[in-house]
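One chain, subunit A, links the two complexes that follow: it is found with subunit B in the first and with subunit C in the second.
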Partner chain A sequence: MMYRQPMSPQYNTDMNRNNLLKEISMVDFAIVDLNQYLDTHPDDSDAVAYIKQYITILCRLRQEYASLYDPLSIYDACYSDCNDWRWARMPLPWEGGCN
Partner chain B sequence: MNDYRFLECSKDFPIAMAYVPWQHMENVYENLEEAFMIGTIFPELNKPFTGRRPCQ
Partner chain C sequence: MWNYEKRLQFPIDIKTPNAEIAKVIITQYGGPDGELSASMRYLSQRYTMPYREVAGLLTDIGTEELAHFEMIGAIVHQLTKNLSVEEIEKQGFAPYYVDHTLALWPQAAGGIPFNSCQFQSKGDVLTDLFEDLAAEQKARTTYDNILRLVKDPDVCAPIRFLRAREIVHFQRFGEALRIVQEKLDPVNFYQYNPEFDGSRTDCDCNK
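Right after this comes the complex of A and B.
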């Protein structure tokens, strides 16, 4: 039976990693809120400009996170710098992968 | 004793109907951390629960 390597203590104490994840959460939240507003106000060009701006920022942040740490979704997996398949090697949620 | 003062705000509306005023976006919180903590990026939707009737 093969087991994954235990997480290094570094993994969850990495300040930059947590900060980047927090930034992603905040931008993601802004997109969700604007998305709901635009469902009923699709002609509000100001809101469209805001959500486009935040989507662009979120894509850049997720790309940065994938290249520095782990891909947050399979669609970000192409940004991993590792030669091996990071998606299969990163910690699973019950191993602290989503903290 | 019941408090019916809130009814004064709705005297122009027929009873037994629910009303949601239309939202018009004026601006959004530029500080996304602030918006994240408040729970909305729209300042007009920042409505913390106070336990009081809204029309007083």
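Right after this comes the complex of A and C.
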């Protein structure tokens, strides 16, 4: 996949980017919800196996997103081979569109 | 500590600005049953919570509420973005605009500013958990009221998501209450306050 500049017209309408971000949101939501469930059910080993599986998937997706687009947190910047600091220029989540 | 992620918990992409609806939804930004109150309530209560799993739950839910606070901010921002002065006047947004232009400021729908008195951090496990259970229901009612007023599907989708989270959090706090009650004196839950008396040896409440 081609790396796109955030300011380019293609960026906000890039379906591949939108879909990847949507997938990250869905997987992360499962983790948020499972984590709260585990706060009150810490011995549920099925749920522990489940959350670990989702965390593994999330790590891979975030790495992919950072290498193709932008780091979602500064700690994902290690997966980006850009020389400029992408974090400073990437779109802000409240801007709408693809966010 | 916290780390920021540059994404919303749930996507928000509102195409039609509507200041009238923004005026209503802002109540979940800084109103009595809003997300800021929710987050500050749980994150403040947790320090003296004597049961680690409950303190952990308060931390995790309090953290999610911050993400919801940001979602509400994004909704209000997108509903008021690029409004003309004529639209601001026509849609009844002038009293807010005169003080804040189009910036976000935590207030209730009626203009009452955010205030810590909107929530309690009482330092008593049972009192605080009942407060938290009530808070989740009050927020759920507010989202139900908002959904009766909003027609735009771009606004309804994230509001429905937030409403559903209130119900899940109510469930989790109910489980926390059960965990706490199992640890208390089954004859009299109010025999002593484990958040204050629990670690004190000089207290005659334990006798």
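The working rule: the second predicted complex is superposed on the first by the 86 of 99 C-alpha atoms of A that agree within 3 Å, B and C clash if a C-alpha of one lies under 4 Å from a C-alpha of the other, contacts with A are read in each partner's own complex, and residues count from 1 in each chain.
We take it that contacts are C-beta pairs under 8 Å (C-beta built on N, C-alpha and C of every residue); 3 or more make two chains touch, one makes a residue touch a chain.
Everything numeric here is computed off the predicted structure, so don't read it as measured data.
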{"item": "Winner by number of subunit A residues touched, once subunit B and subunit C are compared", "value": "C"}
{"item": "Subunit B versus subunit C as contact partner of A:Tyr75, first or second or both or neither", "value": "second"}
{"item": "Subunit B versus subunit C as contact partner of A:Glu64, first or second or both or neither", "value": "neither"}
{"item": "First (subunit B), second (subunit C), both or neither touched by A:Asp14", "value": "neither"}
{"item": "Partner chain in contact with A:Asp44 - subunit B first, subunit C second, else both or neither", "value": "first"}
{"item": "Which superposed partner A:Leu92 touches (first subunit B, second subunit C, both, neither)", "value": "second"}
{"item": "First, second, both or neither for A:Phe29, with subunit B first and subunit C second", "value": "both"}
{"item": "On subunit A, positions contacted by subunit B and by subunit C", "value": "25, 29, 33, 37, 40-41"}
{"item": "In the complex, subunit B residues that touch subunit A", "value": "23, 25, 28, 32-33, 35-36, 40-42"}
{"item": "List of subunit A residues in touch with subunit B within their complex", "value": "25-27, 29-30, 33-34, 37, 40-41, 44, 46-47, 50"}
{"item": "Subunit C residues touching subunit A - in the complex, by the definition given at the top", "value": "3-14, 53, 56-57, 60-61, 64, 70, 73-74, 77-78, 81, 168-169, 172, 175-176, 179"}
{"item": "Subunit A - residues contacting subunit C, complex", "value": "21-22, 24-25, 28-29, 32-33, 35-37, 39-42, 70, 72-75, 87, 90-94, 96-99"}
